[in-house]
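Handing you this structure, nothing more for now.
Going in written order, the chains are labelled A, B, C and D, and every chain counts its residues from 1.
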Amino acid sequence: MPAAVEFRSVSRHFGPASAPIKAVDGVDLTIAEGAFFAMLGPSGSGKTTCLRLISGFESPTAGEICIFGENVSNTPPHLRNVNTVFQDYALFPHMNVRDNVAYGLMVKGMAKAQRYAKAEEMLALVHLDAYGNRKPGQLSGGQRQRVALARALVNEPKVLLLDEPLGALDLKLREAMQDELKSLQQRLGITFVFVTHDQHEALSMADSLAVFNDGKIAQIGTPAEIYAQPKTRFVADFVGSSNVLPPMLTQSLGGPAKWSSLRPETLHLDPTGALQGIVTSLRYLGSGHRIALTAQGQDIAAILPTGTPLPEPGQEIRLGFTPDALHIMDEA
Amino acid sequence: MTAILPAKSLADRLTTLFWRKPKLLLALLITPPLLWLGVIYLGSLAALLLQSFYSIDEFSGMVVREFTLKTYGELLRPQNYDIILRTLTMSAAVTIGSVILAFPIAYYAARYARGRWKAVFYLGIMLPLWSSYLVKVYAWKLILAKEGIITWAATKTHTNFLLDAALALPGIGGNSLSTSYIGMFLVFTYVWLPFMILPMQASLERVPTSMLEASQDLGATRAQTFRTVIVPLALPGIIAGSIFTFSLTMGDYIIPQIVGNSANFIGMAVYQLQGTAGNTPLAAAFAVIPIVIMLIYLSLAKRAGAFDAL
Amino acid sequence: MTKTHKAATTAALLASLATAITPAFAEMTEVGASEGQVNIVAWPGYIERGETDKAYDWVTKFEAESGCKVNVKTANTSDEMVALMNEGGFDLVTASGDASLRLVAGKRVQAVNTALIPSWSKIDPRLQDAKWFTVDGVHYGTPYLWGPNVLMYNTDVFKEAPKSWNIVFEKMDLPDGKSNEGRVQAYDGPIHIADAAQYLMFHKPELKITSPYELNEDQYKAALDLLREQRKLVSRYWHDAYIQMDDFKNEGVVASGSWPFQVGLLQSEKLPIASTIPEEGATGWADTTMLAADAANPNCAYKWMEHTLNSNLQSDLSVWFGGNPVVPAACTDKSGMQTAEGCTANGLDNFDKIRFWTTPTANCAQGEGACVPYYRWVSDYIGVIGGR
Amino acid sequence: MRSDPNAAPLSLKIAAIGGLLFLHLPILLIFLYAFTTEERTYAFPPPGVTLKWFAAAWERPDIWQALTLSLQVATAATLLALILGTLISAAMAQARFFGREQISLLIILPIALPGVITGMSLRSAFGLMDIPFSTLTIILGHATFCIVIVYNNAVARFRRLSGGVLEASADLGANAFQTFRYILLPNLGTALLAGGMLAFALSFDEVIVTTFTAGQQATLPIWMLEELIRPRQRPVTNVVAMVVFAATFFPILLAYYLTRNGSETAGAGK
């Protein structure tokens, strides 16, 4: 069974061949059918370009892209059986919600009654059945987002692409939509590929993810793998808020002379702990306290659960951790 | 269902072609207008300019098709130099006059006029644009004539002395308003005024009210707000409008024929030299002046972002 | 449409096609079927179809009889006429003497076969071979009308006719005691230099001007100097007959060189206007209906030329425009509104005293290249009007 | 002094309304002389009032011919300008490419250069290409300077139209033609209509370029020029000017509401 999406040494360069801007640089990627796959990275890391390569709005400079085993490198967007939920939703401002949702069916030539029936069905799925006659301008952000979703899903795509789909929503709505998207994906069994710069979103929703940096994939894996075993300083730093320790410090903590990462929540106060430093500040997080300290010239963060006695700023403390919390990275 | 949908129609296949060769679509879109503007229009402009490097034979009056700069030299002859100077002065004066007259209208329409008044202002500015230029010019002739409406009104109000004082001004005065530069200035300003108001209003409308409030909030007086906030923000519109007022004045040959003292303007000179005197090289050389001025003007305007306000 | 009609139309179409393709180098040998229209460039007031005054209409009947619709494009100066003819698209032009030879030299007009114009013999003998349309014995058109450039004046200001052109050339007080500054006009065409030259011919014999159209550098300079003085008096030059009439009505203008046409129209409006030919004499125009080299409608053009020599037309035209018929019989045969007295008033007997407009050329009676050519008249007159 | 910030200062109000009056008093004069009983000297004030010039204008075939021609020319030129202007604005909105800046300058050139130059150039081009002067050449001349009007309106709308909707359309399976028909055209519609109306107005009143590109045909402005210089029934010109003015009142009002609504829709997304 072929993968839903496969990148084979795909590059996308912009600008002159002599001094190209490498938006995507030699990416190999396999996304399994039925996956909820996240592409995570800071802006400009190439994740959105990868999404646009799948939908067809960009063409690879080198390499090839397959969808369900078929090479689509030569297929224009309108003939690819994938659909996109755009970042700004890109709803058609002159059409009402129903016409927006039915658009894909209309251009395929489906009869009016039939396509409207399907559109209503889709609107019901996203809980907007009463909104068919409204114009996009009359909807809230969350509602627009769901219209965009319905409009993409009505075509029964083999892969649904989501470009920062929740970026424009406020926190509460975003969390609700995260759940909704996840359950929708599970119900429909369609492969979801979504792009985000929000590591929480990626970790909580995806069943596997790729971390992008500088046009390349820094690491692919399940959220747990990425979180617990970052391969590079960049991943460790970008995913979660890890303490990235230089080789010298790693060594002084009993590790090899390599870069390592230490998650703040794995640290605890321990008078015999290996990590010694001076507290610089304290911050209340609700679920606990975040303590910033300097150790051997390095800024270190630790999260202490509520109930732990707290040090004062300026106080020298020692922190301990379980040995497997110190994750040694491949990167030298 | 597979990942690739079949191309069902010619339109689908063409779309595929456009997608594969995005330059092709661009070329298809741009070729017809470019053929027209780039080849025919620019080509004929170039052909016109080429003629300015020819000259007129002193004896026969026939055009000599040999490269020379002699014709350009002729532009510097006092009578021709006068024409250029006179035209540019008038164009500049008309532009400045239009800015001053247009500003209150544009500013009021953009900032204060609401609802029905907004429509009144819009119509009030657009309608004169739509009513025949020629009939308006002739109406002005009636207004400005020695025995015309202004004289009539001045007599009725016993303000003849003001009119006489204006006409006695050296250089721009004359026997009557309709044969003086003052009269010509009035007519030019009148006919081109809407071309200044519209872009000015458009750019003033883009100034958010909050910005003016912020300025006042920061303690700026009205005059300071005007000078430091409104004028700079209206500038693209003013420049865009001035492209029209300047260029239209520079090239017009009908108004100087009807109003004024028969002294030549560039537009008239080009028209007469080319059409009636058969001196195409000199006409072409004259034509080069507005072209060069407008090209410089346009490139400066582009830099000032005035094209968006056009 | 009947079959015969159709055939006739086809024939006419083919004929016009043939003439369109073959340049009309050869003279016509016969006048064929009407092409349906004729396009004429004319002076304002020259071709009337009763639109201004129902009594003056010499087009409607012609159109009905010949089947040629007459399309008229008016021009205000000779230069404009030449330009229009250079552009093409016209069959005929009523060219004055300062345009006619330019048109011949420029090959814009073709020779006319006088044998195809039955009324040719009725033309005033003084005009039949006039040098402004006859080159090497070949005729390039049929005479249409001639007349003087008169001095038009306001009778409220001038109780008596002015004796000299000096009222428009030199600063002075007019009979009403006020200065002539801003109250006189001059023609806005380079040919007006000839009027100045003619004035100098009379007042400065030491310049030895023999013809106002043949000026050497010194004579030319003197004429321009006079015109520069005139510039100070003139607040607006007249370019167009109707605008001049407006200026006499609304702008306080009281004297100017003009055409009998304006005088007649202003008088018909009961305005205090009269005209005279002062002691210096007058320049004048003798106009010829010329046939374009590439005329698309030569048959209609020939029909029109014959029509123009009809004494009824000549009679009405000379009254309407204020000129002299080229068919002298029109003055006396009562075929139209003209009378013998009218012709005398228009200067019929002054033919030899009028110096007709001709195009100044470098080669003149004073020698090869001795005279100032016309194109310089054009640019210098622009300078004079501009205040140089 | 801190007055209500939403009320205009009196001086501004006076200047603005004074400016509007300056724009309209001469037009009122044109109207007035359409009713005068005295056609020769146009003395002010007119001695009497009559409606006979309306009847006279109605019966003049030359007016109808000129009006018909002007309508034909303006319609054809506007259509041509709409097509060419839309094409070029689509190309300009679509991509950055070599020479883009130069092209935007080129589009503006025919209207930024004085009409006498545009007219003369076109005339010589038609001459060189052996195109006889006809209605067609008038239309081509007018279309040349109308393109920029359409272009300006269309390109502004393109700029406001989020690029995403065109991609969304393709993404949902529409080919380029369907996208044009269902997405682009409805969104550009009012901008094109407004641009088209302005272009129509410009063409309808154009005289300078027309004198160079017309053959024997007279458009309404050319007819007016002839008529004003050589008046037969002078008030008839005023009647025509007045009728044209009145006839354009509603289309302008319509264009105003169309473009206004257009900007409201676009503003709603903010």
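Miscellaneous remarks
Basically, contacts are C-beta pairs under 8 Å (C-beta built on N, C-alpha and C of every residue); 3 or more make two chains touch, one makes a residue touch a chain.
Please read all numbers here as calculations on a predicted model, not as lab measurements.
The set of chains touching chain A and also touching chain B is given as D. Between chain C and chain D, the least number of touch steps comes to 1.
Taking the CA centroid of chain A as reference, the farthest chain centroid is that of C.
A separation of 89 Å divides the Cα centre of chain A from that of chain C. As a whole-number value, the distance joining the C-alpha centres of chain B and chain C reads 38 Å. Taking each chain's centre as the average of its CA atoms, chain B and chain D sit 15 Å apart. Chain geometry summary: the mean Cα position of chain A and that of chain D are 52 Å apart.
Of all residues in chain D, those touching 2 or more other chains are 42, 170, 173, 175, 178, listed in ascending order.
Residue positions 243, 249-250 of chain C are each in touch with at least two other chains.
In chain A, 56, 76-79, 82 are the positions where the chain touches two or more neighbouring chains simultaneously.
Of all possible chain pairings, those that touch are A-B, A-D, B-C, B-D, C-D. Looking at the complex, you find that chain B touches chain D at residues 5, 9, 11-12, 14-15, 18, 22, 25-26, 29-30, 32-34, 36-38, 40-45, 47-48, 101-102, 104-105, 107-109, 111-112, 119, 121-136, 138-140, 142-143, 147-149, 152, 190, 193-194, 212-213, 216, 222, 243-244, 247-248, 250-254, 266-267, 270-271, 274, 283, 287, 290-291, 294, 297-299, 302, 307-308, 310. Across the complex, chain C meets chain B through its residues 77, 79-80, 82-83, 86, 181-183, 188, 234-237, 239, 243, 246, 249-252, 362, 369, 373-375, 378-380, 382-388.
Considering their complex, residues 162, 164-165, 167-175, 178, 182-183, 186-187, 265-266, 268-269 of chain D touch chain A. Only residues 40-42, 132-133, 215-216, 226, 229-232 of chain D touch chain C when the two sit together in their complex.
Residues 56, 58-61, 74, 77-80, 82-83, 86, 141-142, 145-148, 174-176, 178-179, 257-258, 260-264, 269, 272-273, 275-279, 282 of chain B are the ones touching chain C in the complex.
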